[in-house]
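Pasting the structures here.
Next come two complexes built around chain A: one with chain B, the other with chain C.
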Partner chain A sequence: MSYCQVNKSLTRVDAYAKVTGQAKFGADLTFPDMLYGKVLRSKYPHARIKGINPEKALEYPGVEAVLTAKDIPNNLFGVIIHNQQVLAERETYYIGDGIAVVAARTREAAEQARELIEVEYEELPGIYRLEEARDEPVKPVHPEMADNQVAHHTLRKGDVKLGFAEAEIILEREYSTQLIEHAYLEPEAVIAVPAQHSTLLTIYGSVQNPYATRRAVAGVLQVPLAQIKVIQDHLGGSFGGKDENVSAMAARAALLALKTGKAVKMVNDRVESMLESYKRHPYQMKYKVGASKEGKILAMEIKAEADSGAYACQTPFVTWRSVVQATGPYEIPHVKTDTYGFYTNNVYTGAMRGYGSPQVIFAQESLLDELARELKIDPVELRLQNIYHNNSITASGQRLDNHQVSLKEVLERALTASEYKAKYREYSQRQPGEKKRGIGLAISYRGCSLGAEAIDAAAANIAILNDGSITLSCGLAENGQGLKTIFSQIAAEILGVDPERINYLPVDTSAVPDSGATVASRSTMVGGNAVKNAAEKLKKTFADFVAREYETTGAELVFRDEQIYNGPGKAVTSFSEAAAAAFYQGVLLNATGWYLSPDISWDEETGSGNPYFTYVYGCQIAEVEVDIGTGEISVLRITAAHDVGRAINPAGVRGQIYGGVMMGLGYGLMEEVETEDGYISNTNFDDYLIPTIKDLPEIIPIIVENPDPNGPFGAKSIGEPTLELAGAAIANAVCQATGKRIRSLPLNLERVLIGSSLRKGGRSK
Partner chain B sequence: MKDFQLLTTRELSAALQYLASGSKVKLLAGGTDLLVDLAQKSHRLAGIDYLLDISQIKELKLIRVRDNRLEIGSLVTHTDLSENPLTRRYFPMLVQAARVIGSTQIRNRGTVGGNINHASPAADLLPPLLALRSEVELTAQGGSRVLPLSQFVTGPYQTCLRPDELLTTLRLPLPSPDYYGSFQRIGRRKAVTIARLSLALVVRVTNGLFQDSRLVPGSATPYPQPLARVEAALNNQAVAMLDLEEMGRLAGEEMVALSGERWSTPYKKPALASLVKKALLAIMEEVAADGKG
Partner chain C sequence: MEKVKVRLTVNGNSFCLEVGAKERLLDTLREQLRLTGVKEGCSIGECGACTVILNGEAVNSCLVLTGQLDQSEVVTVEGLAQDGRLEPLQQAFIDHHAVQCGFCTPGMLMSAKALLMKDPHPGREQIKTALEGNLCRCTGYQQIIEAIESLTGPERE
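Then we have the complex of A and B:
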């Protein structure tokens, strides 16, 4: 089938506004009499607050309000577990906890006044190591709890005892991954405006999940959802990172706005963002694998533990995705997996692009290479022997029978494009000098969308106006991934118009039904289906009207090239003309589309089920050069093959691959938030290192298309799969180059050269 | 931010007059270190009365050859330094070091004088400038004095610049054709990164023997200083017979002797050895290419 608008690399609808600087971001907005809010954060990672005296701050010129926890109707919020404090009340649980907020006429006054708030602390011992959180819950992080466990998920298949008994080789390995920061370009920004519309408050800003923020603000203020309107502005990166922390910011701004009756703007600087915002979970993992000498994997036993930091945040769901996917895409008869999350007094951890997958993929793909080496089998052959195919039964017991399982295809496409076999042979020879090259791969399968975490549905509104122009909106948010463009393409395809006709509107929680969060690489699939549903409903109404009005008979009307045809040949009328006619005849050309994803299941008791309604498959191959004298790694090239079902916008898919690979490279080589007893030592980009453009390797993106029956035009997911593989592939390439296996990320200079990371003593830098 | 007055001048004489006034003055040239200190309310700015912006003094932005020396004005930026035909011709090693400082924006603003005066253990220009036996000219209202750079930097972030003096010019003796140099550097990423370790090596090769060796590592010792024992060990060695491993090992040992065992030593010791080997290899290849080996 050939398409007019989808499957084409159309220019992003927001490209012009963004590259010319016209696009307005949260921090760009101003309102009459607007105040600036600033947060006073904790001095200690764990302390009892014995008293707060805001008097001096209140006397500071320009200050209009200082609020603390006692001013908050309901101080606790959370997407899954309601235990996150808007402002610390009795205790601070981590270094980023807010204690008070100030609103003043200038940002400078707010910053100065914040320093004048007097807080009497009693510093308390904290729990900073995962082992401590797990083994010695004498004094739990949250005193009302019996221990520090946030979550424990199990997955069981077969009987691992039996599997290991049959195995001819058993390997046991431990892997760990680090705490990292999203490092979005635009720090958090929110403006709360009282009584601007008919609602109590309108909230603008850099909000990833407008409905979650609405729920949090309404819950904190104890007002109906209908009284809070959240409008998303252009957003400078999120990667999962602007959910709970932005909800907290919105709630604080809302409280100040209601107290003062004025608009209140809050914008974090980078250091504030690094201190307060949640991070990616560090994992400690134990893997045990049993296989036959020929390389058939018979059993796998996995224990993965995540540091949740001070709050539950997304830990229950992050560790759940890990439990489902921890074996990787390998058909193994006997599996036993346990994943855990524990509270500590470290900075809290939450959603970040990948969401519990990069950690287990690093472990599982390192393990596969280690097993291959032990068995003296080629790493590719070992994978080919064990990967999922159509009708494979996954670790959770799901039969993969409703979509094309394309692992072999993505693997082979990537092998060919990277010239893997020739290079693997070449780099296996002795290499003179200190610079050694290597090539390594990683593969994954990934459940699309939320899975059994929550209800998975989304809405979209489309209106055809009486001049034939169109407005489109959806409850899912443009976080930079390109959703506005592909949703416009989907609507334009069905309505047979040029996407230029469509004006894509920002998310307004009062205008579109709650569509859940923009997470889990679900927008194209779930939101795209909602847009498709709205466009199809609208087209039906419109076609019925045209058939009546123009007295067409017989064949179904065709909407194409801005015209409406009655079969082949001459157009009956133009889209615009018919739109005007419909308006004057009183026909409603407005539709709300809805998509509810197919049934899925998960049984926490048996640790099995059909957790996702479909999956995507990917393979990334890294080629590296390692200086074994200095530990420096140069990534030369990454080949990335991803099955996306159908690329609605191939340029957009490639963009996701480029960006995801670079984030994966940062995760693999250099990124790490360093903490010392709860204090964060690298709070800005001078010493929290992310890759620069100079670190960019050659990237070969390969789009594989096996249309999925449940996707709009067959489309599935691409956002997260691109990020989850590079770290593991690089680690395998480094091992081929050096012969040394590094089981902890990042692969920094010290680990590569001497096998362990070094840390400065004490908390000073 | 701290309260202070900002003064500016286009004249060297006026700048020297301000410096002679007895007030506590902090100089603003490129600002790439100073502005960070200001934003972080650094103790280094404690008690200052004035910021004196000297960035518009044109006479300190020259690069020229005089009396068989290359003179580099202290306000020359890293970009100017690395693009200048004279530095490119006589001191490719210095160009190499200047090109890896910070980012394009930092190189466009940051100055040679600032890099030296800040005297960071990780200053990218100090190892090559020390290895090249640079001298600094320090000017006050009453006149100027010239010191070897090695005497000017007295400790980490410390120099012997007097409050009334301005570092005006850097002087590098032009090398004869039998001198060879190599600059090596390790960073945690490929740009915008502080040197984890660096190394400047300069040698003369006479009759196939190393002579007048100067080896200065950066980010290895409390402040950049030559590894005299390695230099001595290198001198009079035949280029073709050199024991690279031994030289690397000696460098690691001398570094530890100067800086003590630190948390980073287990990494820096072998890494410095590798840089020494790399620098020597690069020079040996060049010597061989010149047919002098």
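Then we have the complex of A and C:
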């Protein structure tokens, strides 16, 4: 099948606006009479609020309102468990908790006035370590709860006792991963505008999940959803990170806007963003594996514990993805996995690209290499003996029979491109000098989209106007990943037009049905199917009209190259002409597309089911050089092979791979939010280091295409798989180079040199 | 607060502005002149999102006080295209998929532009050095480098 628009590296539809500076991000918008809002945050990670006196702040010139929890109709919100405070009422649970908000005529006035709000605190002891949170705390983080457990998921297959009894070798290892920050370049920004568009409040800004934000704001204000409109256009990166924190910001701005009757803009600076926004969950993991001497894995037992911080946020779902995927893509007859999340008084943790996978992949892929070493089997051979193929039964008991299970293919493609075998052999020899090289790999399977977490559906609207131009909108949000372009390509392909005809509209929650969240690498699949559905409906109406109007008979009409054909080479009319004719005949050329993903299942009781309707497979191989004198690790090259089903836009897929690999490199080598008793010490880019252009190794992206029957044109997911592997692959490469197995991330200098971190506090060992 | 008068040429237009003694160039550009292509990502000179070209040099506009810039010349991303014609760098960023979320893009373009003004044929290492202060969380930098190299020709030995 040859395509005109999809499977092509068309340039991004939003690129022009972005290279000219015309693209308006949240902080760039202004409205008449607009006020500036600022948040006063807690002084302590855990404290009782004994009193708040806003008087001096209210007197400050330019200040128009100061609000606290008592001014909020419903102070609690949350996606899964409603226990996140818009503003702290009696207690602050972490250092980023807001206590009061100020609106003033200038940003400076808001900032000055914020300092004048008097808060009387009683500092309280907090829980900052996972063990403490888990093992019968004196007092739980949330006083109304019996303990600190946010979530506990189980997965059971076979009987691990039996499996370990049969095993000829058993390995038990502990791994841990660190707290990290999304570090989207654009700090959060929201503007709430009252009484616009015949709607109580319109919210603009850096909103990753417009419908979730609408729900949160309506819930907080106790007003109907129809009275809140969220409009999202350009957003400066999110990676899962602009959801609950932005909902809180939107709710605060909304409260101030209603109070003052004016538009209120709230923009975080970087420090505020680092203090308040949720992070990636740090995990502590215990893995036990049993295998035969030949390397057949017989049993695996896993316990993974996540620090949820002060709020539940996405912890129940993050730890659920972990429970499903924790073994990695290996056929194991006996599996017992338990994942947990616990409340602490640390900064809360939530969704971040990967969503519970990078942690377990680091553990499981390190473990596989450790097992290979013990068994004296090549790490690749060990994997090849155990990986999933078509019709394999996963750890959760799902038979993989509805798509191509391409693990072997991605693995082999990556091995070849990286010259793995030759290098592995070479680096296994004695290496003289201080600089030692190593090569290591990691593989994964990943469930596409939400899985059995929630309803998984999306909508798209397409209208053909009477001059033949087209508007397209979808309920999923462009966060930078390129969805506007992908969706335009899909619509253009089906309607046989140039994507230039399409004006891609911002998300407007009042105009497009609730499409759920832009998460879980679901946009191309779920949103793409919705766009395809809308375009197909439109095309059918349009074709019926053209057949009637132009009295064509027989063959199905073909929409291609801006023309409508009745058989090869026979253009009946042009797209534009037909659009005008349809309009004047009263034909509705407007369609809403809807896609509801296939049935999936999960049984919490038995810990099994078919949790995802399809999966993607990936392999990354890292080649490193370690200076054993200084501990410095240089990544020389990363080869990344990913099956995406079908690349709607290959250059976009490569962009995802480059970006994901670099984020994975940061996770593996340098990033860690350092906390001590709930205080965060690195709150800006001078000491929270993310990869710069100087850290860029050679990256070899390999796009593997096995079209999936459930994807639009066969397309699946790419955003998250790209980020989840590099940390593990680098760790394995460092081990080959140095002979030292490091079981916690990041692999920083001290860990390489002396095997443990010199950093004080923190939550990593 | 005391105000200072400064004459500035911004994107070829001259302005006579009154600014506070502590006003950053970033704020002058974004708030007084509404040139919101200049972005704020960290406020401390670490991310490069606020990069503009000041008297021929790429600078972080969050670290520069406008009051000290009398008679200076500033170019922002809005000043790159001339009469609706994109500057080759902008076109290269589009063609090479060097843009994702686009928040770092204006700063990247300005750093790259400042480099090419000095040296039209930089090698890869020089490109990396020139862009070291510009963080990007989305692209992994690769396609940005490819975009710039498409204009600079083969790397010099």
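As a convention for this text, the second predicted complex is superposed on the first by the 759 of 765 C-alpha atoms of A that agree within 3 Å, B and C clash if a C-alpha of one lies under 4 Å from a C-alpha of the other, contacts with A are read in each partner's own complex, and residues count from 1 in each chain.
Note that contacts are C-beta pairs under 8 Å (C-beta built on N, C-alpha and C of every residue); 3 or more make two chains touch, one makes a residue touch a chain.
What you see is a predicted model, and the numbers here were worked out from it, not measured in a lab.
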Room on chain A for both chain B and chain C (clash or fit): fit
Partner chain(s) touched by A:631 [first = chain B, second = chain C, both, neither]: first
Touching partner for A:270 - first (chain B), second (chain C), both, neither: second
Contacts of A:692 with chain B and chain C, given as first, second, both or neither: both
Partner chain(s) touched by A:329 [first = chain B, second = chain C, both, neither]: neither
Partner chain(s) touched by A:482 [first = chain B, second = chain C, both, neither]: second
Touching partner for A:290 - first (chain B), second (chain C), both, neither: neither
Spatial angle chain C-chain A-chain B, Cα centroids [nearest 10 degrees]: 40
Partner chain in contact with A:126 - chain B first, chain C second, else both or neither: neither
Comparison of chain B and chain C by chain A residues contacted: C
Three-chain overlay, closest Cα atoms of chain B and chain C, distance in Å: 5
Footprint overlap on chain A, comparing chain B with chain C: 686, 691-694
Contact footprint of chain A on chain C as seen in their complex: 30, 35-44, 46-47, 49, 76-78, 80-81, 86, 90, 93-97, 99-106, 109, 127-129, 131-145
Chain A residues within the chain C interface of the complex: 9, 11-12, 14-25, 27-28, 182-187, 234-239, 269-270, 479-482, 651-652, 654-655, 657-663, 684-686, 690-694, 696, 699
Chain B to chain A touching residues, read off their complex: 36, 186-193, 196-197, 263-264, 266-267, 270-271, 273-275, 277-278
Residue ranges of chain A in contact with chain B within the complex: 434, 627, 629-632, 634, 669-670, 686, 689, 691-695, 748-750, 753-754, 758-761
